[in-house]
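Two complexes, one shared chain (chain A), two partners (chain B, chain C).
Showing the complex of A and B:
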């Protein structure tokens, strides 16, 4: 069982979705919730069985798929992917559980289960081609979710989403083939295993080109600043569940791939591109924060704030030290929880009023007190109030980057203040003041089904804000091994200097202890 | 008084003719059966042809085993050349034929299928294509090419639509031009080298160090134009969309796959030694052909309103993609060509078969082509399974993993990367992205739009159990292709490698 738990996690939802075609329409929600709950339980079991003291890959599975071309079915998790897998299982569960009644419910639930397969596959794959397969396959269910249940511009939004990501990932595929080719040159055998690739030391100029090829694929997915234009459309048109999954999990694929591929494979290129990417990330943080302030649609505010926070994740990742990367991985989880919750909350109000315009609301705090409270907690978490989940991640990410550049970190810090401004302003517009619109007078407060989804998110947001260690510990452990690997692999002097050598710090610490 | 020629029968190695002869005998048998008793049902002819194709396939398996042990087989005055390429191509041809032939078992009656000549011509086509790939004699290539082409013109014309005649005449005219070009090119090469065997030509040309490079280029230019027509490379492609539109979907699918692999093999034999021996002009021209064919046809496909025309442009684009193998010229690239085409045939079979089952007898008022995009709108509501199938084939054509064509694309891109053609690899990758748009267009129509009222009556009117079986088989192959890739790849690579390509 334990040997194949990752395969089970990946293919159980897909198989369940196949069987689900037979289930009658009126029972499909119960079926979906049950399947997702089993899946979530399995993912918790994975967490339970995971040994946090080990920094490398665990639960590895390996099966030759196309040995003639070095492609194998290789899976494994470490501290970085483990929690995103748990998060993916969790969000599918609450997504299905809180799904409002809609047309073609059955199609939606089965699509979500297929989507879950691709999401977990991406984070568990350790073979570049298997990774690519799930990466691309995840586009199809999302295309369907946005295109079939979305708003008036849904077809434009879904096709744009698909084509943007597909184009980027094809360039990435060429990069992967190059990587395999260099591996072939070096060793004489074909391999697409990331772990094998980690052992390859490439000259700097090749690293630069390959970094760019991979970067295109990942940056479009994140989405980073010049490539972000598909996201507001996708969020704007997607149904609530689509936005939730997109923001909470799918975008993380990009940032996760940076940590899994770009950093350890191309340490010198990462150092070389650190400043340009940091500039892009800061533009992304500030610019989207300002755009968010200008929005009139509450969902767009949340969407842009989500992009803005993704910028902090990128910044943390490219700090290239343990604090920064651990912080950014933690922030991926935090961002998933918080923006997922915010999209769910926006969905709640949209469900009641069928509008997302902030001008239509006002004074909701007196009409829907529970709703306003939960929304308030999530807004606080989103702006990074200490003792909430986002704070830990943002603080660590910025702390990490502070070691690389003080000015840039300062700029990013300012942007977080802007973040507080637009989120609080939006919160004020919607919830405080007098109830001006008669239609809002008798809105029902959050119902049980919505609470089932929201309460656990609130608990996580606060629990991990107060006591992040159970998650941060394993992350830190795995990140340390990646940073050490990067330091060892780095060819140039600059990269050696920028990427800390962890063995030496340990030696220093020991020396300090001895002198004491 | 001429001396009597004394050739021993063993040295002729007549067995090398067996696969083609089986197809020819099959065609003649069908004609004889018709003479004895006419008016038989089409099912009988289809199954009879299938049996002969199976025999053909069996003989190929035999040859494959023999090749794996003893290498290339020559025969019939050394005109026949059964090497790995010949065997692989014949496998694709015969299997392709066996998949497309049962598409004539429709539930509606189309009059071409009631003629036994249809099946005889079909088998003659197969025999011609088999001749074409299993020789390096320019004359026999020509004979094979013309046998198959003439038969195909007739097959298209037999479809009873005014557009079919247009298509057949267009195809015939272009084909005749291509034949002219071919014979000119062959003539020039013969004049230069005194031989019609490609390996002799190669030997003579390299022996005198390509001193007559000007004449070689003239000859190659003619041959390139000729194969440009046959492979529908841009700018020789203009016939293709009209011919696809005019012929039945089953026939269109057939001509998008089976004759093309034969042309690929001949092009491989003809052009690769030239590219390898440093005829830069040819390499550059081929490069331009490949890039333009891929890109331009993709862009034309974007603006089509008819699914069949879209698929026509898409198969031109796929042909361009595969042609890249000729430039790269490594064993990996040549293997990728066969892998790609094997995967492509299953997916394209499925796509065209899906069009074929949705075919109506006659066009409705205000409808100017058979398979407009609008006809498919909201298909997922009325025929969910059919829509999923069609969606699957479109995703595979777009190169979404893990479906069939992705693996061919992956291996071909890998070959381009290993061969040092980085820019080409990027162009190929970006073209796949452009192509995704028009395949998505059909998916958008099927899955994301609302159906119109009479949707129920429109779909699957032409389906019969055998057609559904074929579509199912194509879908299974497309989905589970990942498990077929490794054995296929090993088989193909060893055959290509052992033929010296």
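Showing the complex of A and C:
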């Protein structure tokens, strides 16, 4: 079973969804929860079986698809993808378990199961074409979720989401084809395997062009400023479950792809574009945080806050050292947990009042104390308070980038100020003050179904904040191997200097040990 | 000893979680008693650790790893040494008293259980702050106390002013925390560690400019927590919280965290005396600046808050001039008498149905004898009258400034000492003496519960004896870790002139305050004067911040959203989309299947192609011709 666990993880939900079409409507929730629970258990088993001491790919599977062009069904996980896969399985589970009653419930659950297939496929794929297929397939269920269950502007929002990200991805596909072509030129054989590509050393000017092509696809997905405007619409119109999955998992595809493709394939280009990207990241952090502050709709606050946090992740990724990249990968998980939880929480209030305008609320802390407490914990996690999950990622990302640029980090650090401003302001508007709106006076507090989703998230947000080691350790090992690979592949002097050589530091550390 | 360390540290956390279990329920007395009991256990453990440290030992434990990646290694490590044990004693003593006091004070409050949960959580964070053995652990506590401060200032969350003040405090502290974070990054990338012992060992070998930057950024962090100018406005607004909170957090413990940081990082600041001088100058400025605002304020709690600010300034003068042990000593003494003063003020507030204007009180000494005595003791101590605690700690700072030849600082501090005495006794005179003006406003004051007064008594005793009794022992203990330095004026004559002079000066200020305010006469002419208005409006700084930071930020955010994000960034995207869409829509008639239309287009296309062929050919000819008439153009 271990040999094929990744394939099982990918195709089990899809297969179950096929069977789901014949399940009775009344039992579809139970069916969906069971499938998602099995899937989550499998992902936990994957984590259990994963050897944290190994930095390379594990559970590899390979099956030639189009041998003439070197396209194969190639899967594997390392510390970077492992936890996002677990997170995807986890969010699908709690998403289905806490799904409120809605029209066409069955379609929704089956769509979610298909979506799960594509998500896990993206993070497990090691062949560029397979990766691309899952990457694009993931758009379809999300398009359907927004378009079928969304708000009044759902068609506009879903089409925008689809076309915008699709356009970026096509450029990325061209980049992939060129990459394979260059590989063919250099070695005489065709291959789309990322691991094979890692071994190829490209001249700097080619790296720059390919980097830009990949960048466009990833940046729209992240989304990076100024490609972010599809996100507020998508979140604004999507049903709660759609926003949760979108924020927690789908956005991570972009940042994950930066770590998986851009950095190791194009180390010199990464160094070349480090500062421009850092500038974009800082604009993302400060500008979108200010936009978030101006919002009147609580869901939009969370949506823009996502963009702001993604800025920190990008910054950490382009720190190009172990501290920064580990931090950014950790922050991907952290942001998934926290923003997912915040969207769930917004859903709780939306379901009761069918509005998300903050001016409609006020004084909820006395009406719904448990809800206010959980929201408060997540706000503090989002603000990045130490001992919550976000702090670890944010701290390491910024710490990492500090090695590259002092001033840029100082500017990016404004994240901790502006983040507090919009979050606390929103929290104050919704929860503090007197209850002024009669409709809010008798709102019921969170119910059991909602707690099933929220309590585990609260536990994770604090547990991984206090003790991040189980996740940070494997991430660290895999990141170290990427950084070392980048250092060795780099052709320019500047890149060699910017990307640390880990072997030399190990020698220094050993020397330190000896002198002790 | 490790067991005691863990009890001292984690007992408040357990208490907080216990009270938290009852959080949303109506008042449960056990939710107050259990945290208090656990805190007492923490106090006892701290005392045992103190005796251990006095015997010349320290305790250092490492609980577990926190973060580990790349070369970074941060454990949860805790150290009980001479400095941290002093802080631990201050924190546990004051918070135990405040906990017991709060059982009475919060008696009728709906949020009784929640209050104790927050209060104990604060104590835990504060203990983490002072006991951590590395800068990251310090930062955990640093942000933790910030969170608890936010929760407790905004405790009465239905009040707009309270929640506003809570957010202001949090955000202003965050600004400073960024400085602190940058300081931590600098330390890590230059020394490769965040552990105190390793950093302090490595710091001597660094370039001086790097150390200067580290010192500056760490101090920016300290400025936020300790509310130094220009990040001071949150402290006065923080008085919106319940009074026990003001006593514990905004007087005795949290606001002194900045001083603790400078004292703890003394090996860094020792290398950079220039930065130290700046710190001391800023401290002296804040001491006087805050005291001046306290002179005219008509809000009892704000007066005490400004007094706290002023005393924090004193501590920074000492710390900045390298007299770390003096700073820490004043921190300790100040914690006792200032907490006492606040708790007394809490009694008065309760008696007066939360009235804060001392001009509406007067003559309360008859009704509230116990409170009157304790607040007077605290004020005498604050004024620095022999033999109370303030004399030994505060006058010592004056001597430090004098001995270090910072005569300007000395003069400022001396004047401030006069101001301090004046505003303290202005308050006492207004509240407790003179006519019983409260009758006019229909108040019916009553003394607080007996046990509250009894539990305030230890603070009163400490305020009296802390200077006399502990100074020697304290000095011997902390100078094992901090740089020793006896700050004695060399000539005995000068010393006596200075000491007696200061005492007389302060005494005169007290007498003047009494004479002036015993009858609560309001001098209309003075009140309409420029200086009075300037001071009363806090130098217009809050208004300035509102006008020049808060409003522009709000407006700019609005512009970013409505005008840039929607109208520029998003509109561009839509424009590109619409261009394709419209082009398709407009041109689809070309292929409507009508033969004559299509033939027409075919002709049009043919003409277009022919014309372009000719144009290109001609253009080429012209180009070739130009090349012949202007030689070298084409090359």
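Everything below uses one rule, namely that the second predicted complex is superposed on the first by the 516 of 516 C-alpha atoms of A that agree within 3 Å, B and C clash if a C-alpha of one lies under 4 Å from a C-alpha of the other, contacts with A are read in each partner's own complex, and residues count from 1 in each chain.
Keep this in mind: a residue touches a chain if its C-beta (ideal position, glycine included) is under 8 Å from a C-beta of that chain, and two chains touch if they have at least 3 such contacts.
In this text the structure is predicted, and so the values were computed from the model without any measurement.
Of the two partner chains placed by superposition, A:198 touches none, neither chain B nor chain C. In the superposition on chain A, contact of A:132 is made with chain B only, not with chain C. Legend: residue contacts after superposition of the two complexes on their common chain; A:387 is shown touching chain C, with no touch to chain B. Shared-chain residue A:350: touches no atom of chain B or chain C.
With both complexes placed on chain A, chain A has more residues touched by C than by the other of chain B and chain C. Of the two partner chains placed by superposition, chain B and chain C are both touched by A:163.
When the shared chain is aligned, chain B comes close enough to touch A:67, but chain C does not.
Residues 163 of chain A lie at the contact with chain B in one complex and at the contact with chain C in the other. Chain A makes touch with chain B in their complex at residues 64-69, 107, 129, 132-133, 136-137, 139-140, 143-144, 147-148, 154-155, 158-159, 162-163, 166-167, 170-171, 173-174, 177-178, 180-181, 184.
On chain A, the positions that touch chain C within their shared complex are 160, 163-164, 225-226, 228-230, 287, 290-291, 293-295, 321-323, 326-327, 363, 365-366, 369-370, 373, 380, 385-387, 392, 395-396, 398-400, 402-403, 406, 409-410, 413-414, 416-417, 420-421, 424-425, 428, 431-434, 466-469, 472-473, 475-476, 479-480, 505, 509. By the touch criterion stated above, chain C contacts chain A in their complex at residues 23-24, 64-72, 136, 139-140, 143-144, 147, 150, 154, 157-158, 160, 163-164, 167, 170-171, 174-175, 177-178, 181-182, 184-186, 188-189, 553-554, 556-558, 560-562, 565, 569-570, 572-573, 577. Of all residues in chain B, only 380, 395, 400-402, 406-407, 410-411, 413-414, 417-418, 422, 425-426, 429-430, 432-433, 436-437, 440, 443-444, 447-449, 482, 485-486, 489-490, 493 touch chain A in the complex they form.
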